[in-house]
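Down below is the structure, laid out as structure tokens.
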Amino acid sequence: MAYFELDTTISKELLAMKKEVGNFARKVMRPAGIELDKLHDPADVIAQGSVLWDVMKDFRKLHLHALSIPKDLGGLKGDVSDPKASAVLYEELGYGDIGLGISIASSNPFRMAASSPDPKLQQLARDYVQDDECNLIGCWAITEPMHGSDWISGTDNDFDDPKAGPELSARLVGDEYVLNGQKAAWVSNGTIATHATVHVNIDPSKGMQGNGLAVVPLDLPGVRKGKPLDKIGQRPLNQGEIFFEEVKIPKSYMVIEDPKQMQGAIKEIFTEANAGMGQALVGVAQAAFDEALKYAKERVQGGIPIFEHKNIKLQLFDMFTKVEAARAYARRMAAYNALNPPGSLHHAIAAKVLSTKAAHGVAREAISIFGGNGLAKEYPIEKIFRDALASTIEDGENNALSLRGANDL
Amino acid sequence: MAYFELDTTISKELLAMKKEVGNFARKVMRPAGIELDKLHDPADVIAQGSVLWDVMKDFRKLHLHALSIPKDLGGLKGDVSDPKASAVLYEELGYGDIGLGISIASSNPFRMAASSPDPKLQQLARDYVQDDECNLIGCWAITEPMHGSDWISGTDNDFDDPKAGPELSARLVGDEYVLNGQKAAWVSNGTIATHATVHVNIDPSKGMQGNGLAVVPLDLPGVRKGKPLDKIGQRPLNQGEIFFEEVKIPKSYMVIEDPKQMQGAIKEIFTEANAGMGQALVGVAQAAFDEALKYAKERVQGGIPIFEHKNIKLQLFDMFTKVEAARAYARRMAAYNALNPPGSLHHAIAAKVLSTKAAHGVAREAISIFGGNGLAKEYPIEKIFRDALASTIEDGENNALSLRGANDL
Amino acid sequence: MAYFELDTTISKELLAMKKEVGNFARKVMRPAGIELDKLHDPADVIAQGSVLWDVMKDFRKLHLHALSIPKDLGGLKGDVSDPKASAVLYEELGYGDIGLGISIASSNPFRMAASSPDPKLQQLARDYVQDDECNLIGCWAITEPMHGSDWISGTDNDFDDPKAGPELSARLVGDEYVLNGQKAAWVSNGTIATHATVHVNIDPSKGMQGNGLAVVPLDLPGVRKGKPLDKIGQRPLNQGEIFFEEVKIPKSYMVIEDPKQMQGAIKEIFTEANAGMGQALVGVAQAAFDEALKYAKERVQGGIPIFEHKNIKLQLFDMFTKVEAARAYARRMAAYNALNPPGSLHHAIAAKVLSTKAAHGVAREAISIFGGNGLAKEYPIEKIFRDALASTIEDGENNALSLRGANDL
Amino acid sequence: MAYFELDTTISKELLAMKKEVGNFARKVMRPAGIELDKLHDPADVIAQGSVLWDVMKDFRKLHLHALSIPKDLGGLKGDVSDPKASAVLYEELGYGDIGLGISIASSNPFRMAASSPDPKLQQLARDYVQDDECNLIGCWAITEPMHGSDWISGTDNDFDDPKAGPELSARLVGDEYVLNGQKAAWVSNGTIATHATVHVNIDPSKGMQGNGLAVVPLDLPGVRKGKPLDKIGQRPLNQGEIFFEEVKIPKSYMVIEDPKQMQGAIKEIFTEANAGMGQALVGVAQAAFDEALKYAKERVQGGIPIFEHKNIKLQLFDMFTKVEAARAYARRMAAYNALNPPGSLHHAIAAKVLSTKAAHGVAREAISIFGGNGLAKEYPIEKIFRDALASTIEDGENNALSLRGANDL
């Protein structure tokens, strides 16, 4: 039986958007993702003429990127009032292709710019809303070679170990900040982004409690990009290092200068990032389940569809339950966070962990059901499995995130 | 951090009820459950003077049993409009004591009576609403020694294997049905019930497709009770066999006579039973989690609370996530089923399986956190664990239920 | 198919012993264990006339207790040369009843006595060998209320946190040691033992590195016993607190006085304890599997034995694999430790963790296969499950043990 | 701590071989496997000049391939007497590269040829022993597009469903058999093999009970190869379809003509295949564990090696235990099967399932420990993970194998 929407109270408006995004996910993202996944060199994913650019531009035409920008800057923020809107829509993007979903949804620096009183940054946000050609691409530059899971620990007020502070420093020189250091290969959109939200250390003595946040145009002198990361999953998603050598930005681009204010901000950022992943991965889990169910009903062994074997039935029902549980929780968490900003970090982490585990677990069982075909590149399931595996680690390895979440119990 | 309600849209009315039932669960059910669990002989649980009777009477004073009876018969059916009401309230009962929760919530025969045009049965429903002294106790007499999981298969339209039909038969003689056979030791309230909803076979040639449903007063000639079942968990819940030997009931007491109608009815009954278990077991899981978290913050080993150990933190966060996922899904499923009667059977089964697994898994981890004290009768956790274990099997072993649920995928 | 011995190189001598112990396990221990488990009050387990005493005396008649005492003291140490002997025999004891197995195999103080030059202690060891009437009963008094898992950390040379040192102290006064403090309720044979090996702290400033080991007759003035522990599983195994108030023992009874020597000794003791548990629990796992397989082949549902359902088959094969893997590893570890004394602690820990998890996991699946009957006291499986659960925590909670084991990786 | 050999009774001769094969695995196979894995097109793996051919030739120089051929044909069969020899050596091959290990160890058709009285086939076996240049390559052609898991069911005497019989048929025409049909893409060495052991159907009416076994030179008219399979893991292992269209072989090349005899043979073949996988995958699991342990001790986060985090320690100890358990069982099973030919099929299946699960599970945890680097192609672990995943399905999906194994319980 095809998926049916248990939540019969979703607004018509949101259902219409869901349908539109769902079509985009199925007809544009899914085939493009499969095509991009097959490219051997990740540099080809972002090469001119790559289907990646078609996807990115098509997404802008849906104008959903405007949802993150306030109305006075031309955006649509607040226009979708259903508190489960983000969950419903991210599910669709994840269903299409999680790597592409992450890539096209990265609007971080423009949202940050919108929150600044600096007219230049405000204009940047305005331009982003209007940018149907995808000339402006954002990235969230936080992770560093020696500081992966440390960052999430930094959301704890008492985590101020200087040894665990960021490597990328910003020092104030006159009315400019000068950035030195690097961000790691895990920055999504790292080598294609035009602008980044960069987490920097202003006061090294305070470790993670001495940080600030800057919006940085990536065409500034001293910025250098690494080569695209070659990895097991989410291959359509560009990731790569960004190096900063004496990069100068106006003081006003340090949109959060006060480490105390940064504390609240980083918690908010992590809440949103984890929530988004928790929502989108429900779509991945659903995609894996749909493929497995379809295959089990079609594939004949021993004279009957393998769906008729009791062990296969049990596997499928367990997969179904995992998907539904992840969805239920992601939506419940989404509604709470939407209605009670800035939301609850540890509930968002739980959603990220639950959904990524569900997606990974369901895709793993799907491979077992596909049998040998589950390993073949000719069939869709091994890609979904690799994508799901990657999600259990990206934006924070699940155990590292859980340890942070546990601090709020 | 104590549990906080993520769903900020719950009606004030329901929140008030939740608080009232929650108090009853914590102050009346919990201590009574612990006391009853310690009784060596299950006959003592139902003996005169047992605290069981206090709990049952106190529950009637909350007047919640009236919620299942229509207003024209004096009941309160429909008075609580929040579609998540059942989920919210069953969670509380499960939190108090799942065995007692099942016992006090068994209103099946009276609800069935209310649905009959027979004035006598209507009066029975009326009496039930007024019965504050717990003189009327219901039970759901379905399970048989040789037919446990077969029953759930019977909700499939094409399952009509005569070999797998019920043992308890009803044959029409004049204007009476005559019942012969037995129900198994797993009937909840089996040895204390005054009235039963009894699943009977009317047409043996059709197996599970030849069944009917009768409301049977258990003081009729020919009815005999077994002795209370001695078991590992949910010991406060009375269970036991009921034997029927030439038991005569008026034809009108066969409230469902038409096997075709019975098909819809049994699906509805199973949907409700599974939904209820899925909701109540969330409370059990929460209880186990609460005990473990408290213990981990208090218990010192190696000079610090064991909560500070990263492995303990990971365990707790995983437990937290399991509880929250089960709750989210149970509530989502509850809302759908309330708004779209008769609801979806396989979603209800998924809730039962998910919540019982969560309760069992969380309680298991809790024992590990309690260490040696987790095994001791002096501490609360081993009882919760035994109760949760029982739930994975009662009302249908989880795998058997899942196999049925898979048929609707 | 019944279990068959894969190791076709076992000596005839050991096979004969296996058969003898196997008979004792099946005909004496198993029924006695079931009987003792049903006793409501753990005090009844050790009461005069309890079948416990018959089991203990019958075991002495097998003269296996002599295996731990050197030949010059009348024992049989070294007589069984097969390096897998302990594994093969402990499996049988575990198969019979793990609680009773632990009780009857506790020869610790007598072995320690045998290692001392003190004539009195040597005589004690001699008496133990001859004691067919079970007048001498040993216990290993290590665990304390505030120091459970700390003890295993104490086998690390660098673990000397004074805060985590033992509560039971021994100070030298003249030619006597004076003991003060208590051992926890988890001491096996705690309330029936006549002699104990007692872990004491001699130098509090060094925490776990300032310890010694004493053989203590428990009829000395100042020794007091708690009441038998009431617990979920292994109920035939007596456990209970021992209190020491100004208990005086001859200096020579401190069989290990030098904390440095104690370091080696405690590692050896833990190696042996973990190895023994790892071996015995294989028997528990096998018992659970045997019951489940037999039931699955006998129990009919839907017209065929449930063994014919593919999901049941999968469960059983997974259980079979778990049992066989645990056995293979326990024997391999046993052989290494026997041939390379004092053996490898972390391999022994791995065996304990693996076998107890296997026993618990297999018993859990067995309950699922038994369905409702799996919860009933009338059937054997719920007891085996409770016993297995207890084993995951006794002699060190599995995670605590694993953390210690990991230090040797 | 580096792995040390628990089995201190291994013969010096075998230890020497282990060392030699171990060196080959580490110095030749491992780097070659990594290089081959990176090739985008599986056709490049087998292209002229590919490092694959160096590996294959180097292996022949070890002369281990001669171990499967009797002495009177120039082979070394029986020369290594230690019953655990196969386990010890396959572990090493798996440690090096499981895909290459399977490729180089495929000697099936030559062993079958050696068992035939036909002088031509005997000469083939002789040539194989002498073939240091790898001119002769074998493959086991059993799996078919519509018959994957059916084959293992065919080892059950009563499985004779005509609907589940093989697609590849052989009919006797004069003194020749004529083959028609195809083998699936999962045939290892499928597109590079010079000779195949081909499972054919002689009597379609008997399904899997009407089969025979032929040795087929793959340069015969009518044989056609598919293109190399593109897949997620074990990419260095060539796999591909073989098509047979009116392929004529001498009657004597049907080395097993009698379906009854075939019954025993196929059971023996599956026993050996499963045993070999069970043994080799221990090496894969060990490789994943070694990488994770090394990384955990080197990688610093928050100022200390991540090995010091208790949750990481627990993960590693659990991984260690899984590896050791799989090894212990694989060796125990190997010894039994070597000493008691033709061995026990269901024990061999258990080894395959246990070891592949261990390898997959350990590699999965290793990725979690590596964090982001676990996903990067630059690090070794994601390849090991993909290889291990493939093993859970190749030579029979684990659940399908387990269902067959359960029939012997």
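Some points to look at:
Which chain is which? They are A, B, C and D, in the order written, and residues in each are numbered from 1.
Rule of thumb we're sticking to: contacts are C-beta pairs under 8 Å (C-beta built on N, C-alpha and C of every residue); 3 or more make two chains touch, one makes a residue touch a chain.
Here the structure is a predicted model, which is why all the values come from computation and not from measurement.
Listing every chain that touches subunit C and subunit D alike gives A, B.
For the self-contact between subunit B and subunit C, the two sides draw on mostly identical residue numbers; the shared fraction is above half. Looking at A-C and A-D, the interface holding more C-beta pairs in contact is that of A-D.
Centroid analysis (C-alpha atoms only) places A farthest from subunit C. Subunit A and subunit D have Cα centroids lying 40 Å from one another.
Separating the CA-averaged centres of subunit A and subunit C is a span of 51 Å. Taken residue by residue, subunit C touches two or more other chains at 310-311, 313-314, 399, 403, whereas all remaining positions touch fewer. Interface residues of subunit A facing subunit D in the complex, by the touch rule stated above, are 40, 143, 146-150, 153, 161, 163-164, 184-186, 229-233, 300-303, 311, 367-368, 371-372, 374-378, 382, 385-386, 389-390, 392-394, 397-400, 403. Across the complex, subunit A is touched by residues 1, 6-9, 293, 310, 313-314, 316-318, 320-321, 324-326, 328-329, 331-333, 335-336, 339-340, 344, 346-347, 349-350, 353-354, 399, 402-403, 405-409 of subunit B.
Across the interface of their complex, subunit C is touched by residues 309-311, 313-314 of subunit A.
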